[in-house]
Amino acid sequence: MALDKFKDECAVFAVFGHPEAANLAYLGLYSLQHRGQEASGIVSSDETKHHAEIGMGHVSEVFNESNILQLKGKMAIGHNRYSTHGRSQLKNAQPMAIEYARGPLALAHNGNLVNADVVRQRLEEEGSIFRSTMDSEVIIHLIAKSKKSRFQDQVTEALSQLEGAYSLALMGASEMIIARDPHGFRPLAMGTLGAGYVFASETCAFDLIGAKYIRDVAPGELVVVNNEGLFSYFPFEARKKNHCVFEYIYFARPDSNIFGKSVHNVRKKFGRKLAHEKPVEADMVIPVPDSGVVAALGYAEESGIPFETGIIRNHYVGRTFIEPTQSIRHFGVKIKHNAVKEAIKGNRVVVVDDSIVRGTTSRKIIKMIREAGAKEVHMRISSPPTTHSCFYGIDTPSRSELIGSTYSVEDIAEYLDADTLAYLSIEAMMDALEDRKEDFCKACFDGNYIVPPVYAESQLTLLEKRLAEDEEIDYDRAPATRKTATAK
Amino acid sequence: MALDKFKDECAVFAVFGHPEAANLAYLGLYSLQHRGQEASGIVSSDETKHHAEIGMGHVSEVFNESNILQLKGKMAIGHNRYSTHGRSQLKNAQPMAIEYARGPLALAHNGNLVNADVVRQRLEEEGSIFRSTMDSEVIIHLIAKSKKSRFQDQVTEALSQLEGAYSLALMGASEMIIARDPHGFRPLAMGTLGAGYVFASETCAFDLIGAKYIRDVAPGELVVVNNEGLFSYFPFEARKKNHCVFEYIYFARPDSNIFGKSVHNVRKKFGRKLAHEKPVEADMVIPVPDSGVVAALGYAEESGIPFETGIIRNHYVGRTFIEPTQSIRHFGVKIKHNAVKEAIKGNRVVVVDDSIVRGTTSRKIIKMIREAGAKEVHMRISSPPTTHSCFYGIDTPSRSELIGSTYSVEDIAEYLDADTLAYLSIEAMMDALEDRKEDFCKACFDGNYIVPPVYAESQLTLLEKRLAEDEEIDYDRAPATRKTATAK
Amino acid sequence: MALDKFKDECAVFAVFGHPEAANLAYLGLYSLQHRGQEASGIVSSDETKHHAEIGMGHVSEVFNESNILQLKGKMAIGHNRYSTHGRSQLKNAQPMAIEYARGPLALAHNGNLVNADVVRQRLEEEGSIFRSTMDSEVIIHLIAKSKKSRFQDQVTEALSQLEGAYSLALMGASEMIIARDPHGFRPLAMGTLGAGYVFASETCAFDLIGAKYIRDVAPGELVVVNNEGLFSYFPFEARKKNHCVFEYIYFARPDSNIFGKSVHNVRKKFGRKLAHEKPVEADMVIPVPDSGVVAALGYAEESGIPFETGIIRNHYVGRTFIEPTQSIRHFGVKIKHNAVKEAIKGNRVVVVDDSIVRGTTSRKIIKMIREAGAKEVHMRISSPPTTHSCFYGIDTPSRSELIGSTYSVEDIAEYLDADTLAYLSIEAMMDALEDRKEDFCKACFDGNYIVPPVYAESQLTLLEKRLAEDEEIDYDRAPATRKTATAK
Amino acid sequence: MALDKFKDECAVFAVFGHPEAANLAYLGLYSLQHRGQEASGIVSSDETKHHAEIGMGHVSEVFNESNILQLKGKMAIGHNRYSTHGRSQLKNAQPMAIEYARGPLALAHNGNLVNADVVRQRLEEEGSIFRSTMDSEVIIHLIAKSKKSRFQDQVTEALSQLEGAYSLALMGASEMIIARDPHGFRPLAMGTLGAGYVFASETCAFDLIGAKYIRDVAPGELVVVNNEGLFSYFPFEARKKNHCVFEYIYFARPDSNIFGKSVHNVRKKFGRKLAHEKPVEADMVIPVPDSGVVAALGYAEESGIPFETGIIRNHYVGRTFIEPTQSIRHFGVKIKHNAVKEAIKGNRVVVVDDSIVRGTTSRKIIKMIREAGAKEVHMRISSPPTTHSCFYGIDTPSRSELIGSTYSVEDIAEYLDADTLAYLSIEAMMDALEDRKEDFCKACFDGNYIVPPVYAESQLTLLEKRLAEDEEIDYDRAPATRKTATAK
């Protein structure tokens, strides 16, 4: 989609056994910046003590030569956090770093736990205190409360009480544990660098630092890394794989390989399938940059219609923008995008984007293209209509705000003022995933939540906000309400 | 003393029931800046939620118009933290603000708990996690772990497990509890402002905001303030009062009234007693500014020797200072002080300071005065020799660094190059406190610790650092070692 | 080219007669950020006084809501400055703002004056003082020294003494003068917004603010705008047009129209011509983003070889970058670019970039593409070899650093490790400009300087640095030395 | 006076021939911080080039280890600028650093030129441009315009055209000139440090860096320092000495020696004279800190009434202060001062301050003292009533704002609510200066301006603001109006 309307739940990076651990973590977070721009942090360990640097802003703003130098030790974990609406707060930045009975403990988490709420309520009733509003904090508490003595047993006991999505890096004084939930919702890759090990949300982080990709951390796997070596455990009951298909559609960088496939290739296949399924006669295919570029290329190749860079993106956009008080038409969208009039003028244009959330930005983009002189504007979306919220780590708005959940494709086309509008079908999307099509979560398109969220009685606000408004919701596939004790 | 070698353990401020609670807290902290310059913070409550602003630096650097505006609500607590050596960290700044079973909880603490170490070890064994290295964090955990339902019962249960010094402000969603340890080590005053209540470490904070001083929070008292009114409880067994006499000697502002007496008057009496007890024939009395001013005035009045401002203090000194590589003589001391040569030249000078810690600064000051042309330099200290560390909230160095613990007065005089050196005697100091002389802690002068510190077996570093080095220590009055299970 | 090795001499923006002049200038500079990232500034006039805000950094860092509010008045000029090597300094940022006999005067200048040096020396001999090292400062002095009484006559007198490139905005208290040198080296467009006038280095600035493009300011034109209206003058002898062809090749944004043509269209035509002239059998065409994208599209279209986004650009790169001490291969280039292995692997690849300066970056990019598994790598450059320095506003390195000035294409291909390397010919490049091919400066490709630079005897450092080293230089077409009194 | 209502026109510091020139300049400015807090700057010379660091704020904010390191060379000049009302601007900060025909030139100036206005108008008519609103800029222009070849002759020619107050440091590439106006309005001291020379507005700067005071730069003297040595010239006609007596009353630090006398001693004598001339029966003498301290000591000694620190000053006051919206009584004054109630209560108090400007602060201080329980409040001012503006470098308000110019002492006493009010007489003040009483300017007390200001016809605003309002002004001793061609 054109503007950053969806936000992923962060990037995780970890390195063990390298003399420049903190510097590598910094570089890794740098190449994972697209997964979170609100806050960034690194915690390193010199085998006795943790050293932390966590701040608001981009990786390049949080770190500098002097604070990286103070992050001593051969192991480090790092985290980028996405930008929420409203006032963002340092206390919600990760890695979380605390002390408990076994010494220092740090955690970096990507994903969303669906029963964090009830676990937190139980923990609070038992006397636990919470510093943040992050669901990740319950993981820390459960580890600290475990009566097991080994780090990995504590982590296993903690995670066995949790449901939902997690790609995790945990660090003690001299040991690191990398874990991924049994469904494998979020990506997590493993590699080597010299004699050390590295882990990252996406493989593009390995490319920057020159690390060698080995394999993905498997769903349900617990990887223990310490001075004895690297050990793999599968302490949880196996579950159906449920990778997030939206990572291919939008989040991941095209130069990453996730879930066993190249993001670039899958995304391009979405474009090809879309051209095949929803053809249109036109003079050029133009992407909404940067999110629609690869799918547009696929569409152009399959359809034979020339690809054109008809929209330019301004990459210097800062954090805040001062609007003129006198309204400029389509001002918001123009800050980031501008049409190349001479390319578009007089042509029938296919505009390709990855998805539509509220529809407001797409509408402005189409208007901009029309004003640039396009004869016809055909919108093609390289994913199905987004109709449901995500509970596993993607910051989608509530159902009522998703234009795809309320309106028909025809109505949306009219609202956008597109000559035609067409989405990729769920079937075609799954076909593009070929042999692995069964292993993916597509709940945001069909509402089939494999692990329904569970809320504490006293804290139903999120549920209420997202669901209560939605009378007509189909409860067969809706998130569990308070009545549903726990997931499955 | 001349430079800020001792550091107090912070300032506490609280306000309940005033529409401008956060702004008043800001002003209160402003006037208590001398009690802590490392970090400052305010947490307010709008009856449902807490709002926090905590940062490193002076009050004027942490707060601004816009962040104070966001601290909504009619109640707020604030805290200034002192500056430690080494890297100071935001995670150790107060007030601490967390969520627990009853909702939001914030704490501001002045003083030092002597059994925090063992309590923390016990809590960690039970699964608690710690974010900071502050002893104050155990208070929060004990409150959260209490099975009592009323806030005040939770606090009582928590505090009954703790020993040492605390002047505390605790804030829930709509209720505030102000508490002071049974010995009353640190000051804490209560006042009214309009229909609201205010609490502060020192009364000078009341003067700035125009609040009316009512009385001190009593040792062992728990003051509960909520929408029903203000209620006083004495849930703990009464103990011998043990106010910190060093507050009069150095910490408190002369315009404050603490422990029932004017700081200015007591400090001046110290100077008079000193003149009476340790007279000398001289031409002028000059203070080391600002700490020695009031005592010097007392000395001058009692002795009849003229008072003179023979040393000027530079008040523009910033946080860091760039030294020239070529050594300038007595450079460090000159950054803050300069002698008024024309006043000193040819005279016999009595220099009055409040205390001597390591002696290095006093030595430079005497050299500076001699170079300004003084014929004789007589040093007079308005307190007894500091021979022992403090365990109740004053950041004294270890015994081995205290010049008064190792050397005789004659040896110190020789080291300082003073013609004569004399301290106020313990007896004379206590006499100055008149009717209340029995109510004070003077452990830093005589080692009589009313509540000895207790350390966890695994965390003896502090003890080791402070005591183990000190073979000849008199164990009859020394802090308890690990063998001493718990205090009294 | 891949990295920002060339730098343009800034962006100019001006607005007259609009109530939100400063805000529009801010937006204009925003969309011209690509022309200069070192410093940014705006000066507005409220008809009696100038208001200035100038700072180091990106537009979004220099301006905020509060400082834009203080830039009062209905007229404003703005400037972005490019980033030099070494320490950049605020005193060299523009607009320059001074007071002289007629009141306040501000100037924003894009381009380079070739005789600034001799004029400055003459002015200094007459007693002028200089604050900056900018050649633009001589313009200000010449205006102030003019004995004419009308602003426009002063400006005319000043400019008639200067040679070289200038696209200028000048502002007095209530009048604005926009000027362009007789050769028209740098672009400058004119538009309207409501009842007001706007001027900008590129038309993309008009798109953002919704202004209507009218025409370019003509070479040698002096546009006077004041409360009476807009007036056009041609006070200088006409000269041969000499637009900078490099604006099409690299600098200008593809969505701008400059020198009467669409940058996107011309750039694409360069790609097509290149494909026609320098074909190769291959499986895919990939651009070096962002500079090579449009030409690569042209190449792909003309050749019929599929276009592919084989290199990803990281747009979050900050100002500074902390390198690991252990060398990572091709580290520098990887910070900005990464190859999409799955797209490239096993393919014969045509890599298209706009130009090669030193060759070091291209070499790293080719290595990265090879390591991604390319079977063959064919480099195609959409401009001729850059063999000469620019004296009209483009920050090219000295001749000896230009790989194209010293090595043959074959040698360069070997250095880059390209299977084949080919450049666009000068003839083909000119052909792409169609009817206007005679109107362009291509001195950086052939050394034909229409206006040779003149240096003062005492300040030959620049010349020496750029030329003296170059024994074999062809003096027939070389820059004039001190002997050459003035340019033709 | 209590608050910083008067502002001096800055501090000047210079060092020649020392390997750590910039660091020494930094230290010198540090100790002269009281003479200007708005901006600070240092320019050094490495014999070929100047290096500059100039910024807004305190010395400790402008400089840091890294920017001082870049100020290379063995010679440097520095400047602190005072804080004006309204928006302060970097362009008005000093030293000014420019290039002219002889190379680099830098200037630091303390004082005010009375004919800068007419000279500037003349220069602008001749084509000069001005960057700042500082009168100091004309000096630079006059030097650059001189046809003389030697630096010192250029400076002589420039200064001979100027009237008013200047203590100046000028630096070329390898030479330094220190100059003081023939009347010697502002102080300027000369010293040595190792093999080098140092110059400073006050001698306290020498104490910090360990420099040896040699003598004052004499009125009308031009000191040239270069690699040949130090040379003294007196190129101007001798004039009557006219030192600023207000330096003794308020500006200078008590530990400085200026105009041949100790500031501390003269200030104390003012207090003694005041006690002798304006006695009162009372219980204690209290100063308004810090400005009234030394005079109060003198008053106490002479009168035999005990000196008491009855007012405490808060030294942590930051640049901005956030006021509560609900008014707190006497809020403004309380931010800086608080009364020591226990000291004051029930006593008859003599409050000593150095001067009264508008009277508003004094009024609040008296109210605060009364509220602290004083039985009687007697105000004593250690200077005569301030009745006239200063034109030689002190930022006094216009005559109409000076309470002493409009009201009788009795009326002022009533306004302040003082039981009695008395000023030092002009005669007694002059007597305190003993043998040098003829050498001082006391125009702010009697309006006898030795060099009247001259204004350009077109720029009469300042004059109008200060004088036109004042119909009853005694023109015999008033500043010259536009009719008065030139001074003298």
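Note that the chains are named A, B, C and D in the order they appear, and that numbering of residues resets to 1 at the start of each chain.
Assume a contact is a pair of C-beta atoms (placed from the backbone, for glycine too) under 8 Å apart; a residue touches a chain by one contact, two chains touch by 3 or more.
Keep in mind that what you see is a predicted model, and the values were worked out from it rather than measured.
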| C-D or A-C - the one linked by more C-beta pairs in contact | A-C
| task | Name the chain whose C-alpha centroid is farthest from the C-alpha centroid of subunit A. | result | D
| field | Distance between chain centroids, defined by C-alpha means - subunit A, subunit D (Å) | value | 62
| request: Just give me the whole-number Å value for how far the CA centre of subunit A lies from that of subunit C. | output: 38
| task | List the centre-to-centre spacing of subunit C and subunit D in whole Å, with centres computed as mean CA coordinates. | result | 49
| said: Give me the residue numbers in subunit D that touch at least two other chains, ranges are fine. | reply: none
| task | Assign the assembly's chain-to-chain touch graph to one of these shapes: line, ring, star, complete, other. | result | ring
| query | Each pair of chains that touch: what are they? | reply | A-B, A-C, B-D, C-D
| task | Name, in rising order, each residue of subunit A that touches subunit C in their complex. | result | 19-20, 23-24, 26-27, 30-31, 33-34, 37, 58-61, 63-65, 68, 204, 207-210, 253-255, 257, 262, 264-265, 290, 293-294, 297, 301, 306-309, 312, 314-322, 324-326, 328-329, 334-335, 338-343
| Residue ranges of subunit C touching subunit D (in the complex, touch as defined) | 70, 87, 90, 97-101, 105, 124-131, 140-141, 144-146
